[in-house]
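Got a structure for you, questions after.
Just so it is clear, A, B, C and D label the chains in written order, and each chain counts residues from 1 on its own.
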Amino acid sequence: MNLENLYQEIILDHYRHPRSKGLREPFDAEVHHVNPTCGDEISLRVDVEDGLVKDISYDATGCSISQASASVMYEQLVGKPLDQGWPVLDEFVHMIEGRGKVEPDEDVLGDGIAFAGVAAYPARVKCALLGWMAFKDATLQALGKDFT
Amino acid sequence: MTPLDVAALRKDFPILERTVRDDRPLVYLDSGATSQKPRSVLDAERDFYEHRSAAVHRGAHHLAEEATDAFESARRTIAAFIGGQSEDIVFTRNATEALNLVSYAFTNSTLEGGPQPFVLGPGDEILITEMEHHANLVPWQQVAQRTGATLRWFGVTDSGRLDIDPSLITDRTKVVSVTHQSNVLGTINPIPRIAEMAHAMGAVMIVDACQSVPHMPVDVTALGADFVAFSGHKMLAPTGVGVLWGRSDLLAQMPPMLTGGSMIEQVFMDHSTFAAPPQRFEAGTPNIAQAVGLAAAVDYLEAVGMQNVHEHEVYLTGLALEGLGSLPGIRIIGPTDLTDRGGAVSFVADGVHSHDLGQVLDDSGVAVRVGHHCAWPLHRRFGVAATTRASFYIYNDEQDVEALVAGTRRALEFFG
Amino acid sequence: MTPLDVAALRKDFPILERTVRDDRPLVYLDSGATSQKPRSVLDAERDFYEHRSAAVHRGAHHLAEEATDAFESARRTIAAFIGGQSEDIVFTRNATEALNLVSYAFTNSTLEGGPQPFVLGPGDEILITEMEHHANLVPWQQVAQRTGATLRWFGVTDSGRLDIDPSLITDRTKVVSVTHQSNVLGTINPIPRIAEMAHAMGAVMIVDACQSVPHMPVDVTALGADFVAFSGHKMLAPTGVGVLWGRSDLLAQMPPMLTGGSMIEQVFMDHSTFAAPPQRFEAGTPNIAQAVGLAAAVDYLEAVGMQNVHEHEVYLTGLALEGLGSLPGIRIIGPTDLTDRGGAVSFVADGVHSHDLGQVLDDSGVAVRVGHHCAWPLHRRFGVAATTRASFYIYNDEQDVEALVAGTRRALEFFG
Amino acid sequence: MNLENLYQEIILDHYRHPRSKGLREPFDAEVHHVNPTCGDEISLRVDVEDGLVKDISYDATGCSISQASASVMYEQLVGKPLDQGWPVLDEFVHMIEGRGKVEPDEDVLGDGIAFAGVAAYPARVKCALLGWMAFKDATLQALGKDFT
């Protein structure tokens, strides 16, 4: 494992050019998540209609991994029906928490696969998941359910 | 007669090679106070310091990752040992701190008007027993004093059994806290039954498992407990580490006792929010190496087998009750049968104060404990100021019991 | 330039022989979080377990005597190290617990209407600073919330010095609690001066000495403090032990935080009385082996010489400030001069988040800490979410500083 | 150090036949002391007049050392002027706390010297001192001073 493996070009690109960053209207739910170890923060809104993720808008400060991961998430989930989105999220979490022992499914993850290297660095797991967990929380709220 | 190969086990405990007083072999019968440590536990702690010592949770470097892994894997090992989930394991300094952590949840919640399961007030009752160790008594006196709740207790029968008076558990009862095994009498209490009664009334059930987790198989779910406390140093582990296990939904609501770093979510100058359990209850840099040592102790005990540990101790207890019982003027404080009984044997001798008896035993190389063993009210119940207590563990054998009996005979003669 | 023979000292620390990541030598610059342990400390702990492990204070047998001796002699060693009396030394798990112990004295005394020096109420003020570690901030938020007192604080100047506003110390000020050395900025605060102001108003003066006792000569009397807290693991000692030193007359009046065995005088079912300090504050079986290890660490540090430790760190700090300062886009958070400054160097880099910077350093074998270092409000004060912190100790040398500077340059290039 | 050294005949004799045990009138001060480790207790009264210890009466439960020591104390201190009593007490404490390294002065201690062996057993120090500390406390109270 070396630095280039962790910081793939895709990640650096999303970090430097986060896609569609900024909070937008309309939205059904807004959440604010924090990584207590490093203070990274994200505010995130979702606009869900008839099981479709119409928009995810976010404003975040943090490291390259957390910023890029939110941006990739945006690309992977917006415009998808939720029942296609959840499996992507599950697979992403599974890969990130897999300590490098999980073979990730590129078909499901798309650009998300670029974060495979993070799994080898437990201290960065929360960075990679910050945006995704915020999305999960906000969407469940939008659907009137509890985040667990 | 015993399922253990004690001679083989003894080789793992360096301290058993030493002599005491005038070159007498050490007969260590004070494991109820603290146990000795096998080499594998000492090695695990040292290995941690020599190879992966760093601050846990907060560091992003390689060493910090490995230290965090060691610490969290210790948590998983200990959780599995008692049939719990690792998120429900809180590391404390000792059982005393674990019990205080729960008791402060009541005081602090009462002060702050919530959360509900921990709020007490005048009219509410806290139920304990007359055989509690001070660690499961004094904290509840403090809670009662600070919240206005009333402290009640089950008595103890002449034969050293818990006198369970069901009329003491009512809808006023909000907390029931009982020792699983008495550190003086050896009595094992019927926790599942008491827990059922407590839960039927909506009370929180707390178990002081200080003398059970080290000595027999304990499953927190089978116990029916909401909280379980125990100490590492009594189960082959280092000093400086204890455990509070709690039911997830109660832990989730429970306020912290100690506050500071690593237990927070966000901090501003004028207010803070707190992390989820177990971090919420582990303020500051934890006792990392000690937790790692405790996990090694659990590995060791699991290899020995907890049922074997229990049977071995029951076997030695039988021998001790028989041997001491054959001496004139010895009175056992606690059950003289082996049903629901662990390996603590306390006794008094006619005309010989326990301090003097212990001194003669010590002079014979036999280490026992004398005094009230932090259970003063229990001693008052039996009309004695102090007792002599022998307590057994996996490294004790028949000869140790013989030395105890012979030393006691010598004391009776000396002061006779 | 440094008074220490670092090469010789390094041989005492087994962990420094290991490599990290892809076989890179370990450059450990995270001693501000926790220090590494020399062999003599590990030996002292192990020797205790292998030769004199027993419960202290309560046992009357030979082993218990030797264990008690080891524990109490550790207390004397530590007391002498900071110019205190051994009866005034309380062993805790860590500095966080030590600070909570004092803060609970205020909450509990207020609840119980005494003793006076610890009673707070609306109108009373607790004064801290904006550079406090969460351990010396969150507990005071809790006290304020529970007693109705108001929390106030000294700010921090742009150069990272304490902004002492004398008008904040008034006759309403009942508690002043300040860090001796900032774990982020490296700033050493003028405690004697603040203590004098506090005492002039009759306030109790508490010092968080977590980052000073390990790194420079500290004398509690010269500080003018009423309470001083520090952690063993940051000063070459095992995890799981901290210290609260208190002024005798205040300790004598102070109520306990934790209750249970060994801290009592007499116990009845419905009430208890408590022992004199320090026992009153050490409920349950203490962290005996860890205290013994801490005494060995103190012996080691005294042999090195605390003034030498300080000068060595100032020397390395100078090199680091110079080396990092020569890089483009690096901003030091904290004083850039060496006056009243210890060896913690925190910085931010333009366009590189500290988590990423730390990752590149880690990849180069350099272990630093990234984040808010449990001083979140202080980071907000400087308008940053996180910093990268290098912190030095006796086993660090010039090459370590060079590795830090080279690694930082690599990060700037990587993300540039 | 062996048992016979610790439990000298004089000690066993005082233990079996404590001198003048029992609480009596008149008295100027009464105290109750406890040894928290073993629960040993003593109630003790002093009757002091013009600097003279007219009576010490006590009721105690405890081990041989604590019982015998109270009894020996009674013999050594009753009837003596306080300015002769204090040095005996000081010497006794000095010996008992001396960890066996103090050469006790038999001329001052009288039968108290029998307790020299206790100094080798730190756990018994409190036993040997229980009665003497109670005397000190009671006498200081009788004189209107604080016990420290």
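We take it that a contact is a pair of C-beta atoms (placed from the backbone, for glycine too) under 8 Å apart; a residue touches a chain by one contact, two chains touch by 3 or more.
Owing to the predicted nature of the structure, the values given are computational and were not obtained by experimental measurement.
Asker: What is the graph distance from chain A to chain D, where chains are linked when they touch?
Answerer: 2
Asker: Please tell me whether C-D or A-C has the greater number of C-beta pairs in contact.
Answerer: Looking at C-D and A-C side by side, A-C shows more C-beta contacts.
Asker: What is the distance, in whole Å, between the centres of chain B and chain C, each centre taken as the mean of its C-alpha atoms?
Answerer: Result: the chain centres lie 30 Å from each other.
Asker: Could you give the separation in Å between the centres of chain C and chain D, each centre being the mean of its C-alpha atoms?
Answerer: Measuring from centre to centre gives 45 Å for this pair.
Asker: Quick one: chain B and chain D, Cα centre-to-centre, how many Å?
Answerer: 37
Asker: Which residue numbers or ranges of chain B touch two or more of the other chains?
Answerer: In chain B, 21, 58-61, 64, 264, 266, 355, 359, 370-371, 376 touch at least two other chains.
Asker: Two or more other chains touching the same residue: where does that happen in chain A?
Answerer: Within chain A, the residues that touch at least two other chains are 37, 121, 124.
Asker: Considering only the defined contacts, which chain C positions touch chain A in the complex?
Answerer: Listed in rising order, the residues are 21-22, 353-356, 359-360, 363, 370-372, 376, 379, 385-386, 414-415.
Asker: Where on chain D does chain B make contact in their complex?
Answerer: 1-3, 6-7, 12, 37-41, 61-65, 121, 124, 127
Asker: Enumerate the contact residues on chain B facing chain A in the complex.
Answerer: 57-61, 64-65, 68-69, 264-266, 275
Asker: Please output the residues of chain A touching chain B within their complex, sorted ascending.
Answerer: 34, 36-37, 121-124
Asker: Give the list of chain C residues in touch with chain B in this complex.
Answerer: 14-15, 18, 20-21, 26, 28, 30, 33-34, 36-37, 42, 45-46, 49-55, 58-64, 93-97, 99-100, 108, 111-112, 130, 133-139, 141-142, 145-146, 151, 153, 231, 233, 238-242, 257-262, 264, 266-272, 283-290, 355, 358-359, 361-362, 366-371, 373-374, 376-377, 380
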